[in-house]
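Sending over a structure as structure tokens; questions will come in a sec.
A, B, C and D are the chain letters, set down in written order, and residue numbers restart from 1 in every chain.
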Amino acid sequence: MAELGALSLPLAFFLPLLTALAAFLLGARQAPWLAGIGALATVAAVADAVRRVAAHGPQAYHLGGWAPPLGVELYADGLAALMLAMTAAVALAVTAYAGAYLHGQGQAAERFWPLWLVQWAALNGTFLSADLFNLYVMLELVTLTAVPLVAMAGDRASLGAAMRYLLLALIASLAYLLGVALLYGGTGTLHLREVGELAGAGGPTAVAAALVTAGLLLKAAIFPLHAWLAPAHSSAPAPASAALSALVAQAGVYLVLRLWLWAFPALLSPVVGWGLGGLGAASVLYGSLQALRQSRLKPVIAYSTVAQLGYPLLLLPLAAVPAAASQAWQGAAYFIVAHGLAKAGAFLAAGNVYYSLGHDRLAGLRGLAPELSASVLALGLAWVSLMGLPPTAGFLAKWQLLSGALAGGQWPWAVVVVLGGLLAAGYGFRVLATAHAAAPPGGPVGRPARRLPWRMAATPLLLALAVYLLGVSAVPALRLLGQGAPEALG
Amino acid sequence: MGLAFDLLLAGGLLGLALQVVASRGLFRSVVLFIALGLLMALAWARLAAPDLALAEAAIGAGLTGALLLSAYRALQPAEEAADPGPAALPRWGALAAAVLSGALVAALGWAALGLEAPAASAGREALARLGESGVKSPLTGVLLGFRAIDTLAEVVVLLVAFLGARVVAEPLQRAGPGPSAPGSGEPVLTAPLLRLVVPMGVIVAGYLLWSGGHQPGGAFQAGAVLAALGVLLRLTGRLQPAAATSPAERLALVGGIVLFSAIGLAGAGTASAVLAYPEAWAYPLILAIETGLAVAIALPLTLLFSGSAGLRWRER
Amino acid sequence: MTLAELLSTGLLGLGAAFFLTGTVGLLRFPSTFARLHALTKADNLGLGCVALGLALQADSGWVAAKLALVWGLALVAATASAHLLARCILRERGGTRRTPP
Amino acid sequence: MTQAGLYTLAASALAGIGVYGLLARRHLLRRILAVNLLGNAVFLLLVAFARRQPGYVDPVPHAMVLTGIVVAVSATAFALALARRYYAETGLDHLPEDEG
């Protein structure tokens, strides 16, 4: 009965999976309460896992009782626990929101639930798995659940976006797998940390790392591999958009950090670090500039995702600088959490706008604020965090990144962080100013045509509030992050 | 002599691959790709991987080929197309693509050949501890014992592909291989052939399933054979596309995964961990899981080929 | 070399020759029917020779029986597919006027 | 050159051909074919790695390939379904950015 204690790790994968299977078996009519129960059970398992990591340090679970390299290990350290918790919060919101959003859309609802719940299971698997090949299977599972969600609307734009996304994601998975094949060929193991110990810094390892990283950067939509993201994320139904931006794309960034810090630390020379950081910086600037040029709300938010996915990569050039490492590490990890919550809130609020008006053209949003006060408030609150203003989690994350960059003497990253924040303010205020503008004479163009169910109004607001809570009280989360952090970063 | 054959085979693989990419006609490319799959199976048999050769011939060449051909037909314009088709790549573009892929070949070949085989590996440990897994075939031991989670997740991938295909499904009359040509009766040989092949296929699938415990075979190969039968029955009109998934089909689609998960989770109580089997029961449990998996592999593949939510039987 | 080995080698060589002939026919013959003719006849005979040649080398009767089964199944498959192909071509030529059996 | 080495090189070349097909051809079916070529290259590499040492076949890469084959056929089947629907809605057999 060894290791029964950490049972919540496998349960974080199995519970949403079994809920998905039950939802498929029973059909849509039974699914709402079923999904709700499954979601709560999963949250309970995640809460237990987080509690264990916080109290006892990193938790490992050997599936089948087979220790690596023979078997697959689930491993929760502070970073993984933080990701699981953020995912649980976003997933709970998405589940609650989708129940109302899809109400009355028989077939769409029937198809949404199994896909979404499997996606949650696969995301938890991605954050927990310490096995490179198992990660490949989990990533494919995430991709094959994400693409149908993008295609759900079934129109020209969404089908094209889904097709492009699928082809690129499949190529990305194969590039990753090719790298993994090389790593196994060289080390005889697929276990993440054993690869880190055995792979060394030779040429073949560098080729493998390049392939793996290229695949993951494509999945994370990092510049210049970003073009697929905005059309895909803005075509999906709102709850799916929230999950795609807050969770699916961020899983790619998470894996880039996980692999470079745990599996290829020997390869992380200043040149490589600056290269990856440079790509992140380019994403921040390019995504922000594109967001400024959009004429619809959901594409603005989607391009802001491209921008925000770039920040965590700034950790890589700073990780090897002792004076900067610890702060940059906290900043990058906290950034993923802050962005996930804020972005999910923003997309769900945008979903409310779309639900009420039937469109999301910026020009048509004048005078919207009084009509959809809760949603516009949620959008505004979430945006404060995306800009990086206090007292939000986004501010804290950027502050840590900024201080790390300055302490490490690498001021260009500091410039990028500040500039990215200013640009976010630019594209954010463009939206909010329109919504708060006086309605044009002859009645508000943006008069809501459809009443919003209370659950849809409340969920984005709750997500936005969570970002403030994490901004005001950061100590528990940062202490959690310290569990099992690499020595150089702790 | 042996190496000369391998050289010929490898050359054939690359020649076919080049033709698949460069050939003008799309139909030609598809057919050559199927041929490539068969050569690949031969190469894997040469490399002491008969299980994989079996799976590749059945799934990689056979089922993928059937899916490709039916999609090829669906993508043929009914009459003269208004669509000009994709633009040809400009010469500098083709050159850049060639340089990039050439660089990949060089880097990959150099890295892969430069790797020393490690003295200790997961595979050696798997062989050494095979006895603990409850089966005698190393591959089955890895797939259902040591790395069972991969196998479980992979069957979920197949289910998810089916669910995703439902989201983008076409109307029933266009779905799958499409309607047969008007005014054609059934060929005289079809009925006797099916009477011979279907029972034989079921027997072969059962044999593969059972033999997986100690020699090449197992749930994947058995599932592939059953799926091939499904494709055959769909093409000959015995199985007709249906607009809804029946409760029995739903149960068959998820049953294998539920059984696998249930036995896996029960392992936390009855054995040492999740996805561990109690020692005395390992072999029968693995056989039960494999039976469920064979169905969970065959049915979604058949449905994906059929392009429909469900299937119903029609007597001829 | 025993008689069985000699016979086996001869049969394998003969089978390979049949395959070669069939393939040359496939590549060189002008019409689909002719190609079909070359392929099915020559290859089935070729496979038969190869199967028989290998059966002579087999360790047990089981293996020989399995080889015979392989040949039988390949024959059935070749018959059915050749018929379907020929039928398809006939129909294409004759339009939908009359469907051959 | 050993047998495994030969197939290792063949796998590398096959991967290059697949990537060239992805970059140079734009028809959706051709792109899906190219993805499958790339997949086959990865599988061949793994099978060759499994056979590098004399008298020993590594079952772990074999398990990876078997899993990979099923994942590949799933992804291909879904991709083809999506391509068919895209064609039915738009009449295009390629993505709009590859327009002639």
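The rule is simple: a residue touches a chain if its C-beta (ideal position, glycine included) is under 8 Å from a C-beta of that chain, and two chains touch if they have at least 3 such contacts.
Please read these numbers as outputs of a predicted model, since none were measured by experiment.
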Chain pair, A-D or A-B, that carries the greater number of C-beta contacts: A-B
Farthest chain relative to subunit A (centres taken as mean CA coordinates): C
Interchain centroid distance [CA atoms averaged], subunit B/subunit C, Å: 27
Geometric centre distance via CA averages, subunit B-subunit A, whole Å: 31
Multi-partner residues of subunit A (each touching 2 or more other chains): 133, 137, 140, 144, 147-148, 151, 154, 159, 162, 178, 182, 184-185, 190
Set of subunit B residues in contact with two or more other chains: 108, 112, 117, 121-124, 126, 147, 150, 154, 157, 160-161, 164, 168
Chains grouped in pairs wherever the two touch, ordered by label: A-B, A-D, B-C, B-D
List of subunit B residues in touch with subunit A within their complex: 107-108, 110-112, 114-126, 129, 145-150, 153-154, 156-157, 159-161, 163-164, 166-168, 250-251, 253-254, 257-258, 261, 264-265, 267-268, 271-276
Subunit D - residues contacting subunit B, complex: 1, 3-21, 23-30, 32-34, 36-37, 40, 43-45, 47-53, 56-67, 69-78, 80-85, 87-88, 91-94, 98-100
Footprint of subunit C on subunit B - complex, ascending: 181-185, 187-190, 193, 196-197, 200
Residue ranges of subunit A in contact with subunit D within the complex: 133, 137, 140, 143-144, 147-148, 151, 154-156, 159-160, 162-164, 166-167, 170-171, 174, 177-178, 181-182, 184-185, 190
Subunit D-touching residues of subunit B, taken from the complex the two chains share: 2-3, 6-7, 10, 13-14, 17-18, 20-21, 26, 29-30, 33, 36-37, 40, 43-44, 46-49, 51-52, 55-56, 59-60, 63-64, 67-68, 70-72, 74-75, 77, 81-89, 93-94, 96-98, 100-102, 104-105, 108-109, 112-113, 117, 121-124, 126-127, 138-139, 141-143, 147, 150-151, 154-155, 157-158, 160-161, 164-165, 168-170, 174, 220, 297, 300-301, 304-305, 307
